[in-house]
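Read through the structures below before going on.
What follows is chain A paired twice: with chain B in the first complex and chain C in the second.
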Partner chain A sequence: MKNPFVRYLFQKLLWYILAFFIAVSLNFFLPRLIPGNPVAVIVNQMATGGTPSEALEKLYATYMREFGLDKPLYVQYFNYLRNILRWDLGTSFMLYPGKVNGLIGRALPWTIALQIPAILSGWIIGNLLGAYSAYKGGRFDSVAFTLSLVFSNIPYYCLAIVFLYLLAVKFAIFPVGGGYSFGTVPTLSWRFIVDAIHHYILPYCSMVLVAIGGQAIGMREMSIYELTSDYVNYARNLGIRDEKIIRYVFRNAMLPQITGLAISFGTMMGGALVTESVFSYPGVGSLLFTAIRQTDYPLIQGCTLIITIAVLVANFLVEIAYGFIDPRIRAVQLGEK
Partner chain B sequence: MGNLLTATGLKSYYRTVQGEEIKAVDDVSLEVREGEVLGIAGESGCGKSTLASVLSFTVLPPLYILGGEVRADGNNILVMDRETLRREIKGKYISIVPQGAMNSLNPTMRIKNFVIDVLEEHFSEISKEEALQRARERFEALSLPSRVLDAYPHQLSGGMKQRTVTVISTLLNPNVLIADEPTSALDVSSQKIVIKLLVELLRRKIIKSVVFITHELPLLRHFADRIAIMYAGKIVEIGPMEDIIFNPFHPYSRLLTSSVLVPEPGMKQKKIEAIPGVPPNLKNPPSGCRFHPRCPSYMEGLCNIEIPPLIEVKEDHRVSCFLYGGKNG
Partner chain C sequence: MKDIFILLFRSKRFIVGFVLFLAVLSFAIIGPMLNPKNPFQMVGGLFTPPSDKFILGTDNLGRDVFTQLMYGTRTSLLIGCTAGVIATSIGVTIGSIAGYKGGIVEEILMGITNVFITIPSIVVLILLSIAIKTRSAAVMGLVIGVTSWPWTARAVRAQTASLKTREHIDIARITGFSSIEMIVLEILPYMFSYIFMAFILQFSGGILNEATLSMLGLGPYQTVSLGVMLHWSLLWEAVRTGAWWAFIPPVICLSMTTFSLMSMNSSMDEVFNPRLRRS
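After this line comes the complex of A and B, so read on.
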């Protein structure tokens, strides 16, 4: 471990593993705190009219055994941990005998394809807008700032529903929901891609607008702060042109924004929950939403595990990226004075 | 020798949100001569730094210039447009070593990249290598290690940062260098190094004059040619350094010089005097002479009514006080 950067990475990694372990444990215990016995629900659904009660009990016991819920909680917990290490997320209760791995595997591409472009483009446009409006000031700034405030502070589900109502119901420009038209089968044909894009625009735009607003406000504040800093005045005093000064300011104001990007990526799946519910999008968010409603422990755990991994990986990457961008942070990472 | 900079009747006020005016620089006239070090001294809040920003055209709201002119090369620079000012004057004719040089360098940029930006801005055909070479030579000529250029600001000590900023400010060989309390945040030995650097810059004719703004009067003794004493936004006395320090005329200058501690023999016996009262609020400065409420030689019916003009009492030594004439009739 001679290389200080490798040592730094190693130490960080240990912390992240600890955080992962704690989060994974919470993922196990929290769903089990939801009142109600999921197996009883399933059995009740099966009980149609005159099913004899012994049969129901047998059914109940079979399911309990099948899902491993008959064992004590700590045994379940260790089984759960062992299965995570084998990347086996178990069997869904509500979509029995569907495997959680498969369910999430089918939903994840939809969520990623919707969220990552939306977050990235919202982040880039928002930062440019924020920096420009801080530099420009005056009327442009007031209009941009007000709009940003409005879009970032309307509860997202309201905005999404307004969008849906106006653009899909009132003026049927876009479909009301789903990832693709009802009755089509996902294939790599042109027709399907065009159809998917048509379904994509509305959720995408609603998310981008909110992201732009939030990022622009943060970036504007940071840029105003940087624009009045001593180094900007000094550069001006030496006759450096504004275009160059803006580049200095942009870079320095970006630093906290990068953390913002990491947080966006981390909370991406959580955000997907609302977006996908409103637009009935076939992603992890919709899956998690139904899973919670049905107290489907393995499926909830699977979805939250994905969220946990997303948050941790995003944070880890940003922490490393920060060192490359800010020499002061790099100095700390490398243990310099 | 000619004047490099002549300021006449400068007025510069801060405007508060409530619409009040703070008269930080009020009717100030002075000239900066070729080859000299002009010290400007006064208490905190007397308008020294405001004067520095007016002289270096770095006035930013809420500070506004309300009157007067600053002539350089025969042009009134206060009416020049931003772009000409940026291209022709800033850094080239007049440069500034800012107050708080500690934060004057971009924290995420290597010094050399900033230096290259400065040089490229004023010499359009210079290449990066040439610019860097020129900077390296200048740093070494002024006995600063050229490895500073490869460093980030946070890797430099306070004194080194101050010297670096001073060298960067003079890269374009400005005629006038305005140093706004460049040594206030430094320990005594770093102070000395910075002052030596300024003297060296003058000796090598890299710069032609220095306006040194400070609240430490004794510091000026070592290298100033002339000193201007400011009080409440006005210059109350301006003259040769020896005169101002050892034989000041204005009651304020006298009190100011006797309130400083100079580690010299016989100092222990000397009584240290403090100036009674507090500096006035510049929102509503006292009428007449602004020093009259604190002045030991206050003359009722005159000092509180009329503003004393700056009149010559000795060769090259002007004072604004009725004790030395200036009364009407």
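After this line comes the complex of A and C, so read on.
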């Protein structure tokens, strides 16, 4: 604990564990506010579908056991926590007897492969664009700024719908949805990869353009602040070359943008999930969309849990990176050594 | 105050945002008054393209898209505004108390705030929405409002903490003002522009959150909103069948609304924050 960097990490970790715990508790308690016995509701729904009564009783027994609805609430809660730690997320209603873990496990790689590159590349390009347009000023700045303002305020899914309509339906340049062509099996063959990339471009572009816009606006603002600050004037008067000053400005303006990266993981999530369902991309977003339509509570809860974990982990990683990069935190560390 | 308006209306971006917003607002308020029809009524064949009879055609159930668009925009604005008012009120209350009181009160309030900033709000929104079966537009606004205040709280705390060191605060404190009087009379008036900008941000965020939830299928119950229209388009494959009139109008309305709010916000930022202005 002597090392301040370790202390910084430890402190952050505690906060994240607390946030996770609260999120998990919400995940447990909120769906239980639904009036009535959810198991009975589901079994009734299936009964109208013409399932034989023996199977229904078995179904009822399974869900009663899984939810533990016959036990007091606090016992249910501890069971829920234990199941999460064992990574047992229960059984899906709509795809009975499919396990929620399995469904999410299949969807998650697609979501990660789509979102992480989109967010990261949007962040990098947006920051470069914002810094450059703050430095350049004039016509370039006003055009870039207006475009960024327009793009960052179009919700992802709106851009996604427009892209899907124009580039896949109207002009059939890209496929109309899915993660790969219908009828192919995901393998590591060359053909499959090309096919998957072909399906990837539209969802990726609709997310990345919006992300670039949002980051560029933030970075431009930070850079203008820095460019008008005293140290820049001083450096200019000393006759230091512009390229060198730009490097200082960039590094200073970047720092808040790293926090911005952490924020964007959380705030982009909702839009990104809907974007997936616009393209029927086989990720968590499309799964959630179907789960909500079918009122499949275990699957909805599984999706919200995995989204929470993903965002918390991403945020934590960014905070660690921030600890490494921020000279103030690093300086304390070096100073005490 | 007058100077501020002169400065604001000198900014081209503000005028563009303001005019666009007025256009959307009057469409949503005056439209349904001049044209009181039921947006759920089936009036024509399914997916009829735009014609003289139906300016924007009909949707998958033969309902008039133009009527839906008017009522939908109204619902979306209503939800966004409700959410904005609630989120801003909670955020300002928590932020100003934390910033003014300091110490353990600040630690606790900001701890709560930071935890709720870390938990993705879309998750809480989804969970709350599935827990409330019959969601009216007002309930949706409330739900969105109570989940999106943390950013405002954090920003207001920072502002309050810096205002607290000003001299007039010390003088007021000597006069024996209570904490609440101090916050309401001596701190909040000095950050009015800031609070108003925070409200605009929350307003636009509320509209977007409504659209996101509705598109996932958790929209207001038996009400049409822009998000609900988009949800129907997804559900009934309007995009893939090429029925552009069913989804392009709500997309435009939604983007126009958020764009107008955000451009007003960013030009106000420039006016109130002279360092961002460059001439």
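Annotations
By our rule, the second predicted complex is superposed on the first by the 276 of 337 C-alpha atoms of A that agree within 3 Å, B and C clash if a C-alpha of one lies under 4 Å from a C-alpha of the other, contacts with A are read in each partner's own complex, and residues count from 1 in each chain.
We adopt the following convention: contacts are C-beta pairs under 8 Å (C-beta built on N, C-alpha and C of every residue); 3 or more make two chains touch, one makes a residue touch a chain.
As the structure is a computational prediction, the values presented were derived from the model and not from experiment.
Once the complexes are laid over each other on chain A, chain B and chain C both fit without any clash. Which of chain B and chain C touches more residues of chain A: that partner is C. In the superposed three-chain arrangement, the CA centre of chain A forms the vertex of an angle with the CA centres of chain B and chain C, and that angle is 70 degrees when rounded to a multiple of 10. Looking at the shared chain after the overlay, A:Y77 reaches neither chain B nor chain C. In the superposed pair of complexes, A:F192 makes contact with neither chain B nor chain C.
In the superposition on chain A, contact is made by A:Y231 with chain B only, not with chain C. Once the two complexes are overlaid on the shared chain, A:D326 sits against chain B while remaining clear of chain C.
When the two complexes are overlaid on their common chain A, residue A:I300 makes contact with chain C while staying clear of chain B.
In the superposition on chain A, A:N315 contacts chain C only, with no contact to chain B.
Of all C-alpha pairs linking chain B and chain C after the chain A fit, the shortest spans 7 Å. No residue of chain A touches both chain B in one complex and chain C in the other.
Per the touch definition, chain C reaches chain A in the complex via residues 13, 114-115, 117-128, 130-133, 204, 208-209, 211-212, 215-218, 230, 233-235, 239-240, 242, 244, 247-248, 251, 254-255, 258-259, 262-263, 266, 275-276, 278. Within the complex formed with chain C, the chain A residues making contact are 15-16, 18-19, 22-23, 26-27, 30-35, 137, 149-150, 152-155, 157-158, 161-162, 164-165, 169-170, 176-177, 217, 221, 224-225, 228, 266-267, 269-271, 273-274, 277-278, 288-289, 292-293, 295, 297, 300-301, 304, 307-308, 311-312, 315.
On the chain A side of its complex with chain B, the touching residues are 229-231, 233-241, 244, 248, 251-252, 255, 325-328, 331. On chain B, the positions that touch chain A within their shared complex are 56, 58, 60, 86-87, 89-92, 95-96, 98, 100-109, 114, 117-118, 121-122, 152, 154-155, 165, 168-169, 172.
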